[in-house]
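A quick write-up on the structure given underneath.
By letter and in written order, the chains are A, B and C; residue numbering begins at 1 in each of them.
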Amino acid sequence: MKTVEEIKAAIEAAVPGAGVEVVHNPGPSGQHSLRLDPSHAVEVAKFLRSDAELAFDFLSNVTGVDWPDREVTEKVRVTRPVTRTVDGVEQTVEETVEETRKHVERGCLEVVFHLFSIEKKHGPLVLRMRTVNRTDQVELPSLTPVWRSAEFQEREIFDLYGVVFKGHPDLRRILMWEGFKDHPMRRDYVEPDDFDYEPTAHDEVLARAKAHQAALQAAAVGHEGTGAD
Amino acid sequence: MTKIGTKLGFGRKKKPEGWNRPPVIEQTSEGELLEVAMGPHHPSTHGVFRMNLALDGERVIRLKPEFGYLHRNHEKLGEGQSYLASMPYTDRLDYLCSLTNNWAYALAVEKLTGQQVPERAEYLRVILSELTRFQNHAGTIGFLMQDMGCSGTPLMYAFREREKILDLFEELTGSRMMCNYMRFGGCRVDATPAWLDATRKVVAGLPAFLDEFEALLRSNEILMARTQGVGILPPDLAVNAGITGPLLRASGVNYDIRKVDHYGIYDRFNFKVPLGDHGDVYDRFMIRMLEMRESLKILDQALKEIPGGPVVDPKAKIRGFRPKPGEAYGRIESPKGELGFYLISDGGPNPYRYRVRPPSLINLTVLEDMSLGQNVADVVLILGSVDIVMGEVDR
Amino acid sequence: MLGEGILKGLAETARNFVGSYVSKERLTTVEYPEQRIAPIEATRDFPFLVYDGKDWDAGLRCVACQICEKECPPKCIFIEKSKDKKPDAVGKQQFYPARFDIDISVCMSCQICVEVCPFDAIKMNTEFELSTTDRFGGLLLDRQQLAKSNEYYHEIHPTEASGVDARLAAERAAAEAKAKAAAEAAAAKAAAAAASSAAKPAGGEA
């Protein structure tokens, strides 16, 4: 199989302005990936499927990854003027100090595709796409029209991560029920404390469940009290 | 069944937009469509699976599968615990084939860390997964016959042999179904010579079972009448929809990950990949029959050649296992199809992302396409021939 | 020939019907509560704690290191470490579990606790008749219910137990040899020191 750099060149030759980026994998598996620009993703996918040499006819795995907002702490050297009194005279001197700066790196939702070729028997080619953020701009193009195998897997990502796939023929929740609110696979998902199941004897889940029950009972008692009055 | 070559270029041929969507079936009878919720408590759905059917008389006009009744967020569990702690949970994905699940997960982690597996462990893995494949296929055929109304005999025959294989599993791994046997860089315990001898004895008895099974079923008129030409899956749709395993090969596509990836030591064994040429339920039944024979061939060779030595990489760690940052996708040919694990490590003790590529779920993508226009009684057979386990579909 | 398959099927049924009266080896089921099939040696269900000697409380091998509690996938183990130390079976001062509970309604019999235990203190049991009418209390096993003697371990897993015993004996012998060598070295050092110190004051005193 061609290397990812060669595939990138082939894509850029076929789809002008595709904006493909190589993502290096530092681990020993050597499965490097290509990050696609969502606006050209469908064209790139069609090219990868129909190109005679690449022939990625089989989309095996589609999955989501959540990258939450993350606070990055870095040390920067800054030069700033400082007023100092030297020998009784006020002077302004330049001083270089190390400063710790914090900034928040905006998170995103990422979708990862693993492509193989049944015809040429090669693979995997890893494709990735990122949403703009995790809250309101979570739309990505659906690859279901190109590879049908993405149909249920994209529904799963929509269900568990909240990525909205444009162009998906039937985008509904698949594993959770209709009317379920949150997206459970996101890393900031908070589990509900009103579990019906029986927690273990020493679990923190038990403490939370008890607190929840107590709160419910208190509410019920308060309600009855007002009703009687 | 005649063997056909790989039909080249099925994925690349120019096709009209929307060719891979299920066709629209027109209602022919007068009157209303009958909406039927088949499952989740229907004995033929192999667990808690539900299909919302729209019927025109006996004909299926629409079929929408519903999942999630057995959903337990396996992937979230895997992200919250150490790499090793996920191993026993993989047993519970496809609970009929815990050993192949173990292997797929161990393979993905080994790709992530670059660990080597000793040769004896590779042989043991092959032996155990081929035994798993055998008992899964025998069971699937048994259940398919059960769904067809052939109640009892084939299923009991399959389970009689499965019992022998499960006893072997218990003797080696300590458990019949939840084996939790493989480790990153090898296997947990070594097989004794007595276990290997017992396995050889069981394997030597299996061809007779297959002969009997095949003689009973292969040319049975009822089976042929019910399954031939039913639930046809064309190869180009199968490839496009990501179908893998016996279902894909029954449609005539030559793709077996054991042959393509040569994971483990599969390049050392001499075996064939059976292919179907109609892609109907009968072909899927026959493919499983023939694959069992190929599994026995592999078992014979593996049991003959198994070398001595350690079964686990001496450098492998059980506690404090922290792979370097990176990601890996490892896949094997499980009895249901391509079972893959995708792992992202951030250098911590827990995987950052732990993903299971479930063959059972993705093979259900084409359930609607195969069932449309068929009789409602055939939907049961088509579902049975897909071979699903809800533990894996819903995860 | 049409009907051949059906005839074959009928013949099979007839063969089985008659055969079940003739062949002894086909009778694989047993009358369960009265008769039992011998269990397979490697089989496992729930963990137990091994103790050496006669007294379960004094002989527990567990030193409350809490590794199993951390590694347990479904988190069914609960351990409270003791504040004080007491001598173990060989007389070494060790911590002990003041509380050791396993909720077997949660346990999934994966035996990861056995694998990670560095002291061979927790092993898998084969006892399966554990049904109870008390959902919480009955399935939450405490220290005393979990403690089983090393002899019992030998009874259920003979091969594994003798391997463990041999390993422990070797470790103990190595530790003793090391301690002996260290004691000897210390004694030699002390003797040398004593000799040198004895030489000096001898001179001084004289």
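What we mean here is this: a residue touches a chain if its C-beta (ideal position, glycine included) is under 8 Å from a C-beta of that chain, and two chains touch if they have at least 3 such contacts.
What you see is a predicted model; the values in this text were computed from it and never measured.
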Which chain has its C-alpha centre farthest away from the C-alpha centre of chain C? A
One chain's C-alpha mean falls closest to the whole-protein C-alpha mean, and that chain is B
Chain centres from averaged Cα atoms put chain B and chain C apart, in whole Å, by 35
State, to the nearest whole Å, the distance from the C-alpha centre of chain A to the C-alpha centre of chain C. 44
Distance between chain A and chain B based on Cα centroids, please, to the nearest Å. 29
Out of chain B, which residues touch more than one other chain, so two or more? none
Chain B to chain A touching residues, read off their complex: 6, 8-12, 14, 17-18, 20-21, 67-68, 71, 73, 75-76, 111-114, 237, 239-244, 253, 255, 260, 323-329, 331, 338, 340, 342, 344-345, 352-353, 355, 357, 361-362, 364-366, 394-395
Considering the complex alone, what residue numbers of chain C touch chain B? 2-6, 8-9, 12-13, 40-44, 67, 71-73, 108-112, 115-116, 124
Okay, in this complex, where on chain A does chain B touch? 25-29, 31, 49-52, 55-61, 63, 65, 112, 114, 118-119, 121, 124, 126, 145, 147-153, 160, 169, 173-177, 184-185
Chain B - residues contacting chain C, complex: 81-82, 84-89, 153, 167, 170-175, 178, 180, 188-189, 215-216, 219-223, 318-319
